[in-house]
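Residue numbering begins at 1 within each chain, and the chains themselves are lettered A, B, C and D in the order written.
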Amino acid sequence: MSDETTELAPVTTLATPIRLDFDFTPGIAQSKFLRGLEHGTFMGQRCATCGKVYVPSRGSCPTDGVPTTEDVLLGNSGTVTTYCVVNVPFAGQSIEIPYICAQILLDGANLSFMGLIQEIPTDQIRMGMRVEAVWVDEADLTPSLASVRYFRPNGEDDADYETYKEYL
Amino acid sequence: MADSEVLHAAHRLEYPYSRSTGPIIGAFLTALRDGRFLGATGSDGRVIVPPTEYDPITSDDVGDLVEVGPGGIIESWAWVSEPLRKHPHQTPFAWALVRLDGADTALLHTVIAPTPDAVATGARVTARFRPESERIGSMADLEGFVPEGGAA
Amino acid sequence: MSAAARTVRPVSVASFAQSQNVRKDDERNEVEGLMPVIAEVFGNIGITKDDVDFICSGSTDYLIGGPFSFVMALDAVGVWPPRSESHVEMDGAFALYEAWVLLQEGEIDAALVYSFGRSSLGDLREILTLQLDPYYEAPLWPDIVSLSALQARALLDAGKATEADFAEVASRSRRDALANPKAQVRNDTAPDVLLQDDYVVAPLRRHALPPITDGAAAVVLAAGDKAGQWSDRPVWITGFDHRMETHSLGARDLTTSPSTTRAAEVAGVAAGKVDIAEIHAPFAHQELILTEALGLDDSVVINPSGGALAANPLMSAGLIRIGEAAERIRSGQADRAVAHATSGPCLQQNLVCVLEGA
Amino acid sequence: MAERCAVIGVGQTHHKAKRDDVSIAGLVREAAKMALADADLTWSDIDAVVIGKAPDMFEGNMMPEIYLAPALGAVGKPMFRVHTAGSVGGSTALVAAHLVTSGIHKRVLTVAYEKQSDSDAMWALSVPQPFAAPLLAGAGGYFAPHIRAYMRRSGAPDYIGRMVAVKDRKNAMRNPYAHLHLADIDMKMVEDSMMLWDPLRYLEACPSSDGAAAMVLSSEDAVSGHYPPAWVHGMAMRSEPTMFAGRDQINPQAGRDCSADVYAQAGVTDPRQQFDCAEVYVPFSWYEPMWLENLGFCDLGDGWKLTESGATAFDGDIPWNASGGVLSSNPIGASGMLRFLEVAMQVRGQAGEHQVDGAKLALGQAYGGGSQFFAMWVVGSDRP
C-alpha cells in the first residue's frame, strides 16, 4: 500500500477485449474464382436457369436459388457503371486518398463489382469508361483480389449509357 | 490437384471493446478494486450480488447498495482439470456459484483449490483478491475464492 | 392468459429436411450447404419457392465470425421477385414460431423456415461465452461446458439424479441414433462403459457432452387448403409457446426448468397422451430436467432421433426437434408428440411445440 | 381474422455519440421504462418482449436477449430477437405487432438499440474476412456510387442533397432526443464540410449514435396510456437479394412492393395527399429524393423536385422526418424503430415541438442491407 493515498477515480468503463479464431472457407464456387485470380484470370459461373453470369459466384444464383454450375472465363476489361471518389481515411485503408472506387462490369458478366481505378486523375473518371485489370507480378499472384492491383482506362471509347444502365 | 481444392484460411475476429458501466456496475467494480463486495437491494428486499440496475426476476429498479461478503458458501461447482486458454486460471480450479454472506443470490467466479476434494457444495469459502497494485476495476480483481481455513 | 382463450388456427408441418450432420463440412459455404436442404424441403411435397408466402430464418453471425451471415444465406432461396422475409438471431425453432404467428392471422397460408450454422469453424466453448453478461461473466470466459457442469452438480447434490443417469441418457441417445442416418454420433455403448470416460469438466464426462456439428435444416408450414394438398397426413401444431428465465445463474434453481413448465402449460402438453418427445437437451443431464418440467411419464419415447447428443448443429438443433417429431407422426409411429428447443446457458429459454396427427 | 393493434406507449433515449453514463441494460431500460410510463403500465402488465438490433459484433454480446431478459421484464415471458440488418428496428416492431394482431398477446413491449460506442461502427459493419476484397471504400463508399447513378438518371442538381441535410438538421433542433443539434446549419456549412465519398459530404451522412427506442403495443381491449392510441393500419416486409444481374439499387423492387402492400392494407392510393407526414430511413441525404420516388410520393425522376419545392420540409405539405431523421440520430439497430415510433408520436399528438399539425395518418419506413430489406407501417389516429 502506498503512503501517498492517491484517490482512484470511480470505475466507469471496463475494457473487455475479445479475440476469436476461426477456420474460414469461402466455399467451392468462390474458391474457383479465387484460384482463377491466382492465374491472373476472372472466373465466373453461369446460372443454368436464367443464363446470367456471376463473378464471383458464391455458389448459387441469387434470384433462382439454384447452384451455378457452368464455369465461364471472363475478359480482362470492363465498363465503369458508376463510381465515387474516396476522400475519407479509415482504419484498414491501404491506398492514398483521394482515389476512385468504381463499380466495374466485366465483359461477359451480368453483375458489377467494386474495384479501384488508378492511372487517371480523380476528376476525369466517367460513368461508362472502359477499363482493364492490372495484375501484380506473376510471382506475386495469390488466390485473392489482392492479385488485381487496380483497373485503368484501356483506351477504348466510353460505353453507351444504354448498354449498362440496367446494371446501375 | 491444388486448383480444385477449396481454400481455407485462419480468420481472427478481434476487438478491444470498451464498455461504460453505468452507476451500479461501476459502484460494484469500484468496491471490488478496494477489496470489498457490494450487493443491491431487490424489490422484495433480497440482496442481489453482483448487483445490476434491475431486480433479476421482477426487473424493477434496485434500491440501496449494501456491503456483503467477503466469506460465503458454495452453492454449486464444477471442476476444471484442463483449463482452457482463456480461463482465469491455468492450473486446475473450480467454477463456482458462491453466495456471499448477506447476499440472497450467488456470484459466478472460481474456487482456487489444489484438488476437487477440497471443494464441496455448502462449504465455506472466502475471497482472495489480487494485490492492490494489480487491481483495475474488473471481475479479475477477485482472484477467486479459497476454502475457509486456508486449505489452498 | 390470452393464449388459452384464443382459437388456434391449425398449421401443418408440411415438409422437413435436414443436411447430413457432420463434425466439419470442410468445403461448402453457408449458401452451398443450405441449397440442397431447401431444394429437398420443397421437393418433398412438389412445390417451389413461389408457393410460400413468407420466409423466416434463424442463425447467428458468431459461428462464422462475420456480420450479416444471414444476408448472403438468402441467396440459397432466391428471393426474387421480392418476398416477405424475416430473420431471427435465434435457433430456427424460433423462426418457425414467428412464421406460425403470421399464419395465425389467416392472411397467408404457407411459409418456409430454415436455419444453418457451422459449429466447427470456431471454438464453441469460447464463442458461446459471449452470450453471458458482458460485465460480470463474459470477461472471466466461463465456458458452456463448465456452466452446464455447475447445473449437473446441482442436480446431483439435490439427489435428483446420478452420474449413471447421465450415462444412461447418453447411451440410449446414441443407440437410438443408429436408426437415424442423418445423425452424427451413432453407436451402441453401454452406460457402464461410458462411465469410464474422463471428466471434461466434472461432473460431466465426455459422453454427457453434445458433439460439435455442422448442419442445416428447413421446414415448410402450411395452413388452410394447402395443408391438405401438400400432405396425405397433415401434422398439426396444436400448441406452441416459449418462455424466458432470468440470466443470473445465481438467482435460478438450476435443477428445474420453470420456463419449460410454463411453456408446456400454455402449449397444452398435458391435454392428451404424448407418444414421443423430441427434447433439445445438449447436455445429458438436461434431458432429465426437461422431461420432468414437461410432465412426461415413462411411457413417452424420448428423443427417438438420438436428440442433440447425436447431432447438435447450433441454431438448427431446435428446429430439427420439431421436424423429427413431425416426421414420426407423419409416418404413423406416433399420434401426438412434443418438440422442444432451448437457448442460453443452462436452459435459460425454452420453447415447446405440441404436434398431432389428423 | 387479424386483431387490431395500437401503439399505446413510446420511449427513446437521448441519443449521443457515446452514452458513457449507462450500461447496455441501462440504455435499453431508459427507453423501455419511458414507454411503460407513457402507457401507464408496469413490467408485469407486459405479455411478451421483442428486441432487435444490428450485428451482435457492435457490442460483442451474442444473442443479447439472453443477457437482457431480466433488464426488460421478460422473466417468465416469451422473448424474441429479430435481426434484419438496417431495417431491423422496423421489422422488430412488426414482429411485435403480429404477436398482437394474431391474437396471441394483448400487450407486447418492443425495444431496439445499438450501443455502438462499445466498439467502432466502421469495424463492426465490415469485419475483414479472409479472401475478401481489400477494404476499398468504407460504409458510405457502398452507397455513394448509387447516389451518383441516381443523379445521372434523374438529372437532379447537386444541391438537392445539401437541402435535405439542412432540412433534417433544422428539424432536429425541435427534437430534444436527437443526437445532432446543429444550430447554425445552412447550405454553406454543408458545402464546406469535408467531401468524404464524392459526391457525398460529411454533413450529408448520418452520425454514429448510441441509443434505444421502445414501444408498447396493445390489442384493442387493452388500450391504456396518457395519449390516444396510434392504430396500425398496415404493415409489410419485403426482401430481395443483395446482388443480382439487373438489380435496380436506386429504386429497388422490394421497396416498391412493400409500399404497395402496406398502402393496400391502409387504403392509401395517393400517399402524398393521404399521409400527413412520414418518417423514412434517410442515412445519406440523397436517399430522400430516391425514396420519395420508390415510395410513390411522386413520379419516377421527380423526387428531387419535391424536395426542392419544400414539400418535405417541416412546413411543407408532406413533412418527411420532422424528428430530424437518421441524419440527426443513428443508433443503427434502433434507427428503424425510431421511424415507426416517431410517426406513432405524430398521430398521437405527442411530438411536442416537432408535432406536425393535425397529423392523422403517417408512414414509417426502414430499410437495410444493400437497400434490400424493407419494413413499413402505416399508423393513424382513427381506428381502422
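Annotations
The working rule: a contact is a pair of C-beta atoms (placed from the backbone, for glycine too) under 8 Å apart; a residue touches a chain by one contact, two chains touch by 3 or more.
Here the structure is a predicted model, which means the values were calculated and not measured.
In terms of C-beta pairs in contact, A-D outnumbers the other of A-D and A-B.
The centroid of the Cα atoms in chain A and the matching centroid in chain D are 29 Å apart.
Here the spacing of chain A and chain B, counted between their Cα centres, is 45 Å. Averaged C-alpha coordinates put the centre of chain B at 38 Å from the centre of chain D.
The mean-CA centres of chain A and chain C are about 38 angstrom from one another, to the nearest whole unit. In chain B, the residues that touch at least two other chains are 6-11, 13, 15, 17-21, 25, 29, 52, 56-57, 138. Residue positions 12-14, 16, 18, 20-28, 30, 34, 61-63, 143 of chain A each touch two or more of the other chains. Taken residue by residue, chain C touches two or more other chains at 26-27, 62, 65-66, 72, 74-75, 78-80, 126-127, 130, 134-135, 138-139, 246-248, whereas all remaining positions touch fewer. Arrangement of the chains shown, judged by which pairs touch: all-to-all, with no pair of chains left without contact.
The touching residues of chain D, counted against chain B in their complex, run 18-26, 29, 43-44, 57, 59-60, 70-75, 117-120, 123-124, 127, 129-131.
For chain B in complex with chain A, the touching residues are 3, 5-21, 25-27, 29-30, 33, 132, 137-138.
The part of chain B that touches chain C in the complex is made up of residues 6, 8, 11, 13, 17, 19, 21, 25, 29, 48-50, 52, 56-57, 75-81, 84, 86-88, 95-97, 99, 105-110, 116, 121, 138-140. Across the interface of their complex, chain C is touched by residues 14, 16, 18, 20-30, 58-67 of chain A. On the chain A side of its complex with chain B, the touching residues are 1, 8, 10-28, 30-31, 34-35, 143.
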